[in-house]
Structures are given as structure tokens and as C-alpha cells.
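Both complexes below contain chain A, partnered by chain B and then by chain C.
The block that comes next holds the complex of A and B.
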């Protein structure tokens, strides 16, 4: 997509924004001028550049069917992410990508699928859930386990509620800290595993969230007899180039930007237990 | 991947004297190359632009040990009678800082334009050692692979004319024999010189490794080297190989390091390591870079500068909330295991060529060959070995 140096971003116009929570916004991006349309696979990310401020990896959180705009959901945690959440309709952002490995959608066909997300980890798996529900007949049972810190921190809340009303999917949501109006589950997301119905021998699990959350989720799924090679994690590491050349994202021998972010659990099992790797 | 043009059919070795080397430098410059070579500056032999033979470190040598580097006078006028200094060729192939692009605000958006590489059209590197040729090949795999070659590196590397020199003297921290990268150059050069300093003559046995190398040599009007000269040149390399300052036992090193992530030696070395990043800056293969996104004072023009980075900094592994590798222990472990183990998984080669720079330029004299030895010698028995590194 890029001409010139691979570190040169394309320029994309913000077609619209939506506030998801107090600090989290979804940007709807038009394809860059020199690209006909966006193409990506669920699980991949783009490097988004805020003019003069910096560039960070942001997962693709979906695509609007009607106009083909691409969605990125950003939480303001620092300089660059805050600048990205300040962008408004009509402004521009730099884009490089898409990069990285996708979720194993093909493998999931004909199997039960567990999608387990923590916090903003729902963003990179939202395209997965959408695909599962749109092509519902291709998959076995569909289970979404989602944990947020508090009800106010639930991203895509209306969409999650819509998913929850479907009879052909099991959507379990929990919060660490309930508010008075919260009638749902309270507790860590791993406690939901026991409540869900799935056939562990014929399941694919896709995990996305903070590394500790994923570690505990793996343990819970393992104790429910889900095999190691049926679990997939999306890893997060510092990234500068996204093409395996800057060295920042190394996790053992893997470059998370290129060999990940989605990695099969058995491949990273031993490394995950080493602190500060 | 960078390759030199077709190697010439074997031509007889040639013989140059010091004036011949001078003519070679002139011919390179007249051929449009910016000639970079060794020269004495700030009490070290560094690489810089070379005007003529007088700029070369004639009569100088270096004494190196862990944490020590000292220039000393030789009792002859050898031009290449030293090992390697703090610089490596990576500063020309993958420069310490490069502006990649500029962006300019427009009415309601911005435009990005790639910045042309400011390098002179072509470099000629003079005095490249065998380990350094290997370091270039290793960087080729990282930065000039088939997938996304870095255009800055690619252009500089592809056009570079390389005059190699076989090492006539091993440095105190060298271990290229262990890494099988030297001391004799085994390809990847246009011309290779072996310096012979004898009581009654001072000559260079020259062979070409490419057609353009051969043509360049011809311009210098060399004499033909006799069989005796060639034998002497071979003897120089053999002598150097027999006098390595260090050694590293590389048997099973991949599994050895990766199966010992909790070895107490990491704590031991962490207590000494200053995490100053010197080792990665002087290393000819370390490729890590970061980027700075900057704006001018008006805020109308932005640019991206790529610069060398090191896994010894906290920023290298920073994620919002803290660094993944917060301790010195984890950062030294990343460095050593990347160099000697995971590099093999990533690029099919070790990341170390045994040049010894990281040992010499470590302010507290940490020696990777010692660290590996300590881990090997004190491996807790019964620990798992191998198969745990995520190799595919």
C-alpha cells in the first residue's frame, strides 16, 4: 500500500467518531486516497499516527458494512493514544498496515468457539464475534466471556447487549466492581468458564486481554480440558516498525508484530511463565 | 539479499606495496566512491572518510581486554596492524539516525513525503575484517530480506565496494574462530588484502572477489604475487587463528541458554551490569531501532527520525504502565539469549560474530564468553534441556 519507505504512513480521513466509555473512542476511517478499499483479517492491527505526536499499534475493531470504513477503538492512556481519541470527523490520521497474524477463523468452522475478552480486549475480537454471528451456521456453540472493571467500562455496550439477546449464542458478562444498577455477574472473567456450555474436545478458544487475565483464562480452560493447541492468545508488546526490523516486540524468538499478535498457546506456553521475558 | 556481482574466474593473486594501496584509494575515489576506512581519532581506531594512505593508522596497534582498549605504537609501519575498534560498518549501512519522511499540514489534513536518503551515492569500505563481513551478512538477513527490505540499508549495502583485510593479529577479546567467522575473509568482498610486513619489504597480497574488484585492482597496476607470497599470506591467517584472545564453546548453546532463564548467573551479572547499552551500540549486528516523531516550532511540519536503540533501555520494552523488562537481569538475559540463541530461530544464524567489541567496551568488563561458560559449568543437573523455546 505504501510507496517509498515502509515506515511512511498513508493518510486516512476520519469519517466519524463514537465515544465508547469515559476514555475510549472508536474512530471510523475512510480508505486512504491511494487505496481502493480496506482489507484486513480479524485480529490484525494498524499503526496509527497522530500528526507530529507519534504512532502506535491499534487493533482493527471492525468494518462498517455499508460504506467500508474501518473501525479502531482507542483508549487514551498516554500521549499518542490521547491524541488519537481527540481526532474528530474530517481530520486525518496516518495509517500503516494491516499487520500481524489473524484469529484462526478457518479452524473454528464446525467447532464450538469460546471468545474470552478482558476490558478493551473486546476490540480486537469484535470482528470475530461479528463473523461468528453473521455466519452462525458454520460454527458449533458460540460463547463470549467478557469481563470489564466496572459497568461503565464496558465497550460496545449496546452491541454486547444485542449479542446477549440472541438465542444462538451464550454471552456472559462480568464486572470486577458492580454499580447499583448492575444486575449481572460480579467477579473475574475466569469464573464464567464453569457457567458456559461447550465441548472441550471440539473447541477453539480465542483470548484477548491483559496478559495476567489470559494466563488465568488459559488455566481455567485447561482445567475444563480444552487442549493447549486449541487456545489462541493476542500478545501485546512495544512496537515501532511492525515488520520485524526494530526489535522492540520480541517475545523469545517471536516478533509479536509479525509472528503474532495472535499466537497459539502451546507455542508460547513455556515463555508465558518466565517473568520479564 | 545483497550479493556481489559474479565472482571472476580465479585470477592470480596480485601484489601491491603501500603506494599501490594509495593508488587503490585514489582509484576508488575517482570511481565515485566515498572511501571510508580506519583512522586514529580520540585515542582509538575508528572508521571515517579517508583521503589518502597517510590517514590510515600506520604503525599503530590496539591492546584490548575486558573493559580495556589502548592504542600502542608498533615497531613497524603496518597499515592494518590492529584488530577492530569501537566503530563498525553498521554506522554507514544502518546509520545512527535517519530521517525517514516529512509530513506537512494542509488545509484540513496532511501530506507525507518520503525523504531521500542523504548518503553519498556509494561507499567504499576499506579494511573490513572477516567478522565484519559476516556481520554484514547477518544484518542482510534482518534488514534486507525478501519480505520488506529496508530501502535505506538496501541502497547503501548494495552499492558498497568492499576492500577486506585478513587479520594479521588477533585482538585480546577476539573469538571469531569459535564463531567460525574469521580471521580470514571467505567471501563477500570485492578485494581482499593480506598485509606482509617483512624486514626488507612491506607488501599486500591482493585477491579479487568480484569483476569490479578485479577491474579496480587492475587500475592500481599491481605486480603478480608469487606462490611464496600466497603461502605467506595463508600463514598470516593461520597464525592469527592460533592466537585468539577469547573462545566460546557454542555446542548446544541455543538450548543451553533458553533452558536456563532462571539461572542464578543472571542475578550475578545483573549486579555488575550498568545497563549502559554500550555493548549493543558497538555490536556490528545489533539492529534495534526506535523512532522519534517530531514537529518544527510552527507545528506545521512533522518528521520521523529512526535511530539506534538498545534492549538495555527501559523504553525498549515499555508498555503503558511499565516496562516488560524492568530489571537489569531481564535485560542482560534478553541481550545474551537474543545474540546467541533466539537469533538462530529468527535468522538461521548466530547474532554474534566474535568480534569482541562488547567485551572491550563494557565499562565494567563483562565478558559474554565468561557468562556463557559460567552458565554451562554450573547448569543445575536435571533441568529441562531444549524444546522449550517455541521453535516452529
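The block that comes next holds the complex of A and C.
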């Protein structure tokens, strides 16, 4: 591996921004001269550099078909991410990547697919859902189970509503805390598993969200007889170098940036309950 | 049209129940329907029924500190509505309101409790089905309290 190439950000221009929720924005980035970061697989992430402030890992949340611009959805939770959400059209950002393991799209062919996401965890699986729906005939039943804190914090809301109108997919959305105008499900996302139709012996499940949510989702899927080796989790750790060199994101025997973020459940099963990891 | 015994046998809560027990439960059951907006029960009222939902959705609500109704859970087909019928003092702890036309089997809790007291095998069977529902809802409440989405990262994988 030519480490230097992967350690040097390319400069990308912001082609547009879109506010998703109160504190979350999607950045649409133009391809830089070195377009390596623009050839990605669903589940991978880029390191985005807010010049003079710092760098954070951000999942690729989609690509615009016409112009090839790449989408990254960022929540303002710290100095760097807040700076990224303040970027506006025409401004520049540093990009390194793409990094990490993708979702197992090939394995999902011919099987039922459950995509279970919570909160901003919908961003890393949005390319999966788009692929499943664009190539609908290749897959069995397609189920999206999505939980959000409240209706106001549902990211990609219009797109989720469009998915929900499709007859060839089952889209179940729930919120933990309802507002008076919310007419949908209320309750934790794990309660949706029982409401969904799928063949557990011929299913691939892709989970993305806060780790505690994924642990409980795994338990719910196991109760429905989905095997451990058919569940994949997108893990989150403190990623810095993104190439498995610095050790910040070590998770037992794995570096999440290099060996993950997408890991099969049976590989991480015993580590998920270890608090210090 | 399905008979009540068939409806009860096929509902997830009583699925695979011994036929002897089904006939005991049927003796306490009747079909009910609620229009949208109609309450199945109100907080503080006597918990003398519980419901096996067959169709529709029900919102469980509590009065919020600001005075409005706060929905903390919705239930649908295959769920049961009402837990307080099982535990003294048999008073509802929240409101249950039909969101849309809802059809259910209503079980007379006084009738059923007396049968559970008389037949401990049936009591144990119902307990084994009831406790997992309690645990599931307790776990769900814990997750809601944790506010798991309120502390997610900036947009990294697994946020």
C-alpha cells in the first residue's frame, strides 16, 4: 500500500448542501482531480478534512447519478463536524478515501434483505437501500426497519416516504418520542422485527446505528431465527488514520477502519458485550 | 367467519395453546371493535379487560407535563393491549386509544383471573406468555430512556 497516497487529502469543492434535520446536513461534493474517493461501495467512508480544524470519518450516503457528486451526511456534534456542516456551495473540503469494508451486496442476491437502521445510521445504509430498489429483481423481500428519536429527526424524510409508497418493499418507521402530528409507529425500532415479513433462513440483515440499538436488534432478529452469520453490523470507533496504522479504532483483534466498519456479527459477537472495547 | 376459538388459537399471544386451555379462554372472550379516536380504556379505570389486537392500531398515551396526550407506544395486529389486568390493584396506568378502526378480542379479566386461580397449569401457561411481553416492553422503555439516538457521532459508520 502506498500509504502516502491514502494519507494526503484531495481537495473537493462543495457542489451543494441540504439540511436534513436541525443539526444534520448533507454535503454534495464534486470529484477532485484524483477521483479515487469517487469509486466507492455501499458501507465505505471517507475522511473529510475541515481545513485548519481537523478530520473526521464520514460515511458515504449516496452518489448523484447525473454528475457523479458524492453525498456525505454530517451531524454537528463537535468542532470538526460543526465546521463541515457550515460549509456552503463553492467552499472546499479535504477528502481521503474511500476506506473500509462494504455491505455484503453479493451475498444478498436471491435472499430476503433486512436493513435495520437507527438515527443517523440510515446514512451508511442509504446506498444499500437505493441499490436494492434499483436492482429490485435480484433480491427477495426487501425490508427497511428504521427508528429515529422523533419525527423531526428523521433524515432523508422525503426519500424514506417515497420508499414507503413502494409496493415491492416493506418500509417500517418508528420514533421513540412522537409529536402530536405523527401518525406512524411509536416505540423502539426492535419492535418492528415482529411486524415484518421475511424468511429467516434465507435472509441477510444489515444493521447500522448506535451500538446499543444494534445489540438489541440482533437479539430481536435472533428471536426470529435469523442466523448469526447472516447479520452484518457497521461498527463505529474513534477512527483517525483510516488505514489501520494508528490503532485508535482497535476493536479487539480488528481495526474498525481497515477490517470494518462492516463486520459479520459472529465475528464480533463476543466483543460486543465487553464494555472496555 | 372464524370462530372465537380459532381466532384465539391463531393470535400470536395464544398460538399453539393446548386446546383444553383454549376452550377455557374462549369462555371469557368476545369480539369487539373500536372506531378511530375511541378509547379502549383510560388511565385510572378498572383493568377488567385486556385485548388481543386483530386489526388496526392503538396508541398508548399518558398525559404529558404540558397537559397534552403523549404517545409512548403504538401497538398493532398480533399485539396485546393491557398489562394491568394481571396485577393488583387492577387499574390502568395509561390511556389506550384506537388510531383507526380496530378489531380485537376482548378478554374479561375477572373471568380469566378466576380461571387462572382455579387451574394453575393454565395460570402458568398464561404467565409464560405474558412475562415475555412485559420484558419486551420494559426493554423497549429502557432503550427509549437511554435516548440512544441523542448521542450519535458526526456521521461516521455506525452512527
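FYI, the second predicted complex is superposed on the first by the 268 of 277 C-alpha atoms of A that agree within 3 Å, B and C clash if a C-alpha of one lies under 4 Å from a C-alpha of the other, contacts with A are read in each partner's own complex, and residues count from 1 in each chain.
Note that in this section contacts are C-beta pairs under 8 Å (C-beta built on N, C-alpha and C of every residue); 3 or more make two chains touch, one makes a residue touch a chain.
Computed from a predicted structure; not experimentally measured.
Under the clash rule set out above, the superposition-derived model of chain A with chain B and chain C shows the two partners fitting side by side.
When the two complexes are overlaid on their common chain A, residue A:78 makes contact with chain B and with chain C alike. Of the two partners, chain B and chain C, it is C that touches more residues of chain A. Once chain A of one complex is fitted onto chain A of the other, the partner contacts of A:58 are limited to chain C, with no touch recorded for chain B. Judged by the touch definition given at the top, the superposed model places A:41 against neither chain B nor chain C. Here the apex is the CA centre of chain A, and the angle it makes with the centres of chain B and chain C after alignment on chain A is 120°, in steps of 10.
In the overlay built on the shared chain, the residue A:254 is in contact with chain B alone; chain C does not reach it.
By the touch criterion defined above, A:191 lies against chain C but remains apart from chain B after alignment on the C-alpha atoms of chain A. Of the two partner chains, chain B and chain C are each touched by A:236.
Applying the stated contact rule after C-alpha superposition, one finds that A:6 touches chain B and leaves chain C untouched.
Annotation: superposed on chain A, chain B and chain C show a minimal Cα-Cα gap of 5 Å. Overlaid on A, the two complexes show chain B and chain C touching the same residues of chain A, namely 77-78, 81, 236.
Across the complex, chain A meets chain C through its residues 24, 43, 45, 56-59, 61, 72-78, 80-81, 84, 100, 118-121, 123-124, 147-149, 153, 174, 176-178, 180, 182-188, 190-191, 194-195, 208-214, 216, 233-236, 239, 256, 260-262.
The touching residues of chain A, when paired with chain B in their complex, are 3-11, 13, 49, 51-55, 77-78, 81, 90-92, 94, 236-238, 240-241, 243-248, 250, 252-255, 267-268, 270-271, 274-277. By the touch criterion stated above, chain B contacts chain A in their complex at residues 100-101, 103, 105, 108-114, 142-143, 147-148, 150-152, 258, 261-262, 287-291, 293-295, 299, 302, 304, 306, 309, 311, 315-320, 324-327, 329-330, 334, 338, 342, 345-346, 388-392. Per the touch definition, chain C reaches chain A in the complex via residues 12, 59, 68, 70-74, 76, 78, 99, 136, 139-140, 143-144, 146-159.
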